[in-house]
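Across the two complexes that follow, chain A remains constant while its partner is chain B and subsequently chain C.
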Partner chain A sequence: MKRVRTLAGALASVPITLFGLVLITFVIGRVVPIDPVVAIVGDHAPPEVIARVRAELGLDRPLPVQFLIYVKNLLHGDLGRSVMTSHRVTTDIAQYFPATIELATAAIILALLVGIPAGVLAASRQGSRLDHIVRVLSIGGQSVPVFVLGMIFLLIFYVKLGIAPGTGQQNVLYEGMVPHITGMHVIDAALTGQWDAFWDGLAHLALPALVLAYFSLGYITRMTRAYMIDALKGEYIITARAKGLSGARILWRHAFGNISVGLITVIALAYANLLSGAVLTETVFSWPGLGLYLTVSLLNADMNAVLGATLVVGLVYIGLNLIADLAYRLFDPRVR
Partner chain B sequence: MSDLSTPLSGNAAGLRAWLLSETPDSRRQAAWGRSYRGWLNFRRNPLGMAGLIIVLALLVLSLAAPLLTWQSPDVQHLAQRLAPPSAAHWLGTDELGRDLYTRLLFGGRITLGMVVAVVVLVAPLGLVVGAVSGYLGGMTDRIMMRVTDIFLSIPQLILALAFVAALKPGISSAVIAIALTSWPPIARLARADALTVRANDYIAAVKLAGASPARIIFRHILPLCLPSVIVRITLDMSGIILTAAGLGFLGMGAQPPMPEWGTMIASTRGYILEQWWVPTIPGLAILIASLAFNLLGDGLRDVLDPKQS
Partner chain C sequence: MSAHVEMRDLRVAFPSPRGPVEVVHGVSFTLGAEKLGIVGESGSGKSVTARAILKLLPRAATISATRLTFDGIDVLGASERQMRAIRGKRAGLILQDPKYALNPVMTAGAQIAEAWRVHHRGSARQARAAAIDLLAQVRIRDPGRVAALYPHELSGGMGQRVMIAMMLAPDPELLIADEPTSALDATVQAEILRLIEDLVARRGMGLILISHDLPLVSHFCDRVMVMYAGRVMEELRAANLSAAQHPYTRGLLDCLPSLIHPKDRLSVLKRDPAWEG
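Entry: the complex of A and B
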């Protein structure tokens, strides 16, 4: 029963946050200096056309009514049309978002593979040289501008060494050959058995994923280290030592086992933060994801697309935060 | 400052003894002594000290920019465009033949100026919202924390991009956008501190003495929220630098021909194949600045907020 109540507590705040998110995008959309009607019909349209389109869009109504129309459209899954691509914004997002998920997922996997062992080892040898190296490297990860790192990686691995493919998601050779099933290029290539395209996609994924991985590596390492230091102070660790268990077993089974719940929270938050880093990384690597869509729309003053993308990123962000919160409340016996 | 720790003269030794006295005679002495002990502690952290020195150096370099160069950041010498580093142009020239070293110095002013502007806007707001919310509790607290939740529901860079798109690309829009997205975490932190502080006996004592809520919040709660907020803001400064540079890079922050570091990278990234140093040098400047604030914040955390490190 108590568990249900904690769950309800976590979920109760979601509608308010969602409402706030929708309100923010609505307000931003109304204060833009660009007239959305002129953006659609063009500068030279006759006044009666402008008036008609304005009425069709509901823009002649009072603001609260406009907000209700906006919310109603959102609930019907309608984010308006993009002026730039002339598609529905939802269609565009469905097209571009999977590439971002692909990139962010590859990055988080890399970051976890390096960050968790690094954090655990640093904590087990607190104050040692290894600990200091890990600390400096993780601070570096939080300080480096991802777009600069991306450029330097391209310069070294693509231009100078020639061991990495250039920008984009695939070689032009494979353009249009891999169908859009999940939207994640590498997975689609594997699903359709096109192994050449698969390896090519994986090679294209490597550099941007590495750049993004370093971005979240600092946070993951640091949190793992902090949790582990805390866990290693527990009395059950002393008990385990007294029983004569091996150091590695104590470290990984007893201490690490106890911090895994906290790590779920960390991973969800790190993944959410990758979405920010993805905007810049995608721009550098011409990766056809939501971040690139967002920036190109921004430069073209395509507000429906900008707000739609912002809203979707916000939704994912709220969702991941909720998962972090729920994992913590559900699986941590101390909270339960 | 270093002569404070080595009693070279009787005077310095006397000052040191006064500062480290176990039985301070006045409040002032106790406060100074505490800061001095904090400084001695901080000085033992080489990374934190490195951060502090770089931050100070950046400040001096940007403030003294006109004295440190004989060139203008805006004057173009098209004949000498994309020149490699030389005696005349220490770091070479950019795509319009402007001196990169000079532009870097003046760019530091823009970056640090934006950081200062954001902090001035954000720190008092976050601190007051957090302290009031934490002390008063109840409905006020619930409403204020929901508002911070809403602002925390979109990643900083994305929300800043949307705001800038709605306002108009430029430095002031970028500052407002970054500020709007930076205060909620500070408010949350201050609130958490205020919640623990308000349960203390001495707060009950001042309340009994008839202090008004405003007095309690501003005199007795706020000062105790400061240490963790200072640490957080120092670490945030690194994030502010990165977001500002990212906005500039995407063409949504400072606009050319301003020598903002991110903008400089955006306008020269096409030259990375041939003249790789042109976009790389401002990139290193961003890295150094953001690294310095991170190191400083990390060192400060060990001194001011040991429970978090």
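Entry: the complex of A and C
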């Protein structure tokens, strides 16, 4: 019962945050110095055409009324049409977002598999050579811009060594061969048993995923290391040693057990960052994800698409924050 | 019983920006199945001396001694693996404040069961039963319920009982209690001490009780070792404490207010630089 109440507490803030998100995206969409009407009909359209299109889009009404219409459409799942693709924005997002999820998920898995053990071991041997190497590498991940790293990776592994495929999600050979089931290319290929396309997709995924993983790795490693150093100072670590436990058990069960819940927040934020902030990586690697969609839409003054994609990014943050918050309330005995 | 612990000329140093700083300057004692009290002010080296027996000092510390043995085992030469066979199994350590000394995200029962299981090699079910039995031994009324509680749900006294149960789990021969009652209320202090006394007597364990409470130690222990600035000032039978000869011990005793012989002014300890060697 107590648990239900704490969960309800976490959920109660969601509608307020959502409203704020919708309001801000709407205002941004209306204050940018771009006229969506001109973007549709062109610079040289006669004034009466411009006025008619403006009326059709409802852009001649006062802003609060426009906002109400926007919210009403949103509640019906309608984000409008993209001028550029002439599809519904929702259709476009369903098309592009899975590719971003695929890339971000591959990256976060790599980052976790390397980053957490690296952080834990560095903390357990604080000041050792291993610790210094881990620190330098993780600061590197945080400081080198992803697009620079992406281009260097492409130059080395694709151009010079020729061991990695070039940009894009798949080889042109497989274009249109894999049906859209989840939208995640590698998974769809595996689901339909097209193993050639699967391995090709995985090879294309490798470089951008590594670039993004290295970026998150820096953050996750540094946070893990800092949390662990703090935890290892605890009196209960002396108790655990006095019990005669092995070093590994003290490290993982006692110290890591104390920080794992806190790390969920770190991981959720890193993942949200990947899902939304892959714009540069997707551009460098021509990865057909949400970031690329957002960039192209913005360059074409395609405001419905920009607003829709921004809204999705906002939703990702709210959703992952909520998950981290719920995890905290469920798994940490002190909060529970 | 033979001597559990033999310590000759223990020296402990910690690194500092201006070179190593020695904090314990040659402490020696032997301990059998008896109750030894170590008293002294904060920073006199009581805890460091006692923890050196189990090599539970921070990694930066350097320990040296002409002889430091636990039941004949050379502690300084022992590997970490050999030390693990001593820690917990043969000698337990009770720390001051259960609020910090218990793992906050493990239940009391799980922490006791873990201590039992490292040294007994039984099933999880047996370990759990043993944990509840141990909680009953430290006189917790509803051991099944308390076993499922987390440290922040326990009172100070209960927490310290859990700590004691945990350290008794592997049946050690020696218990080191580092100010086990300093963080507790006065009424609870007496209960915990009686509990320790009872368990130590019943199991025939050796005990090292670290405290800055002279009267308490003299009531409770067989022998008292008085430390100051990393040195032993005096070692004497607890019963003879009131007849202590060393000026530092006398000074400490004179500082205690008495209800029976009230003084207008409490005397102040005058420190002699010679005590620091």
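One rule holds in what follows: the second predicted complex is superposed on the first by the 317 of 336 C-alpha atoms of A that agree within 3 Å, B and C clash if a C-alpha of one lies under 4 Å from a C-alpha of the other, contacts with A are read in each partner's own complex, and residues count from 1 in each chain.
Please note the rule applied: a residue touches a chain if its C-beta (ideal position, glycine included) is under 8 Å from a C-beta of that chain, and two chains touch if they have at least 3 such contacts.
The structure displayed is predicted, hence computed values, not measured ones.
S.K.: Clash or fit: how do chain B and chain C relate after the overlay on chain A?
M.R.: fit
S.K.: When the two structures are overlaid on chain A, which partner does A:20 contact: first (chain B), second (chain C), both, or neither?
M.R.: First partner only.
S.K.: Could you look at A:59 and tell me whether it touches chain B, chain C, both or neither (first, second, both, neither)?
M.R.: Neither partner.
S.K.: First (chain B), second (chain C), both or neither: which does A:39 touch?
M.R.: It touches nothing on chain B or chain C.
S.K.: In this superposition, which partner touches a larger number of chain A residues, chain B or chain C?
M.R.: B
S.K.: Check the residue A:235 against both partner chains and state whether it touches chain B (first), chain C (second), both, or neither.
M.R.: The second partner, chain C, only.
S.K.: Looking at the overlay, what does A:301 touch: chain B (first), chain C (second), both, or neither?
M.R.: Touch partner of A:301: chain B, not chain C.
S.K.: I want to verify one number: the closest Cα approach of chain B to chain C after the superposition, in Å.
M.R.: 11
S.K.: Would you tell me which residues of chain A are touching chain C in their complex?
M.R.: Going by the criterion above, the answer is residues 234-236, 238-247, 254, 257-258, 261, 332-334.
S.K.: Taking the touch rule as given, give the residues of chain C at its contact with chain A in the complex, in rising order.
M.R.: For this pair, the touching residues of chain C are 54, 56, 80, 84-89, 92-93, 95, 97, 100-107, 114-115, 118-119, 150, 152, 163, 166-167, 170.
S.K.: Please name which positions on chain A make contact with chain B in the complex.
M.R.: 13, 16-17, 20-21, 23-25, 28-29, 31-33, 135-136, 139-140, 142-148, 151-152, 154-155, 159, 226, 272-273, 275-276, 279-280, 283, 294-295, 298-299, 301, 303, 306-307, 309-310, 313-314, 317-318, 321
S.K.: What does chain B use to touch chain A in their complex?
M.R.: The touching residues are 47, 146-147, 149-159, 161-163, 165-168, 238, 242, 245-246, 249-252, 262, 265, 269, 272-273, 276, 279-280, 283-284, 286-287, 290-291, 294-295, 298, 309.
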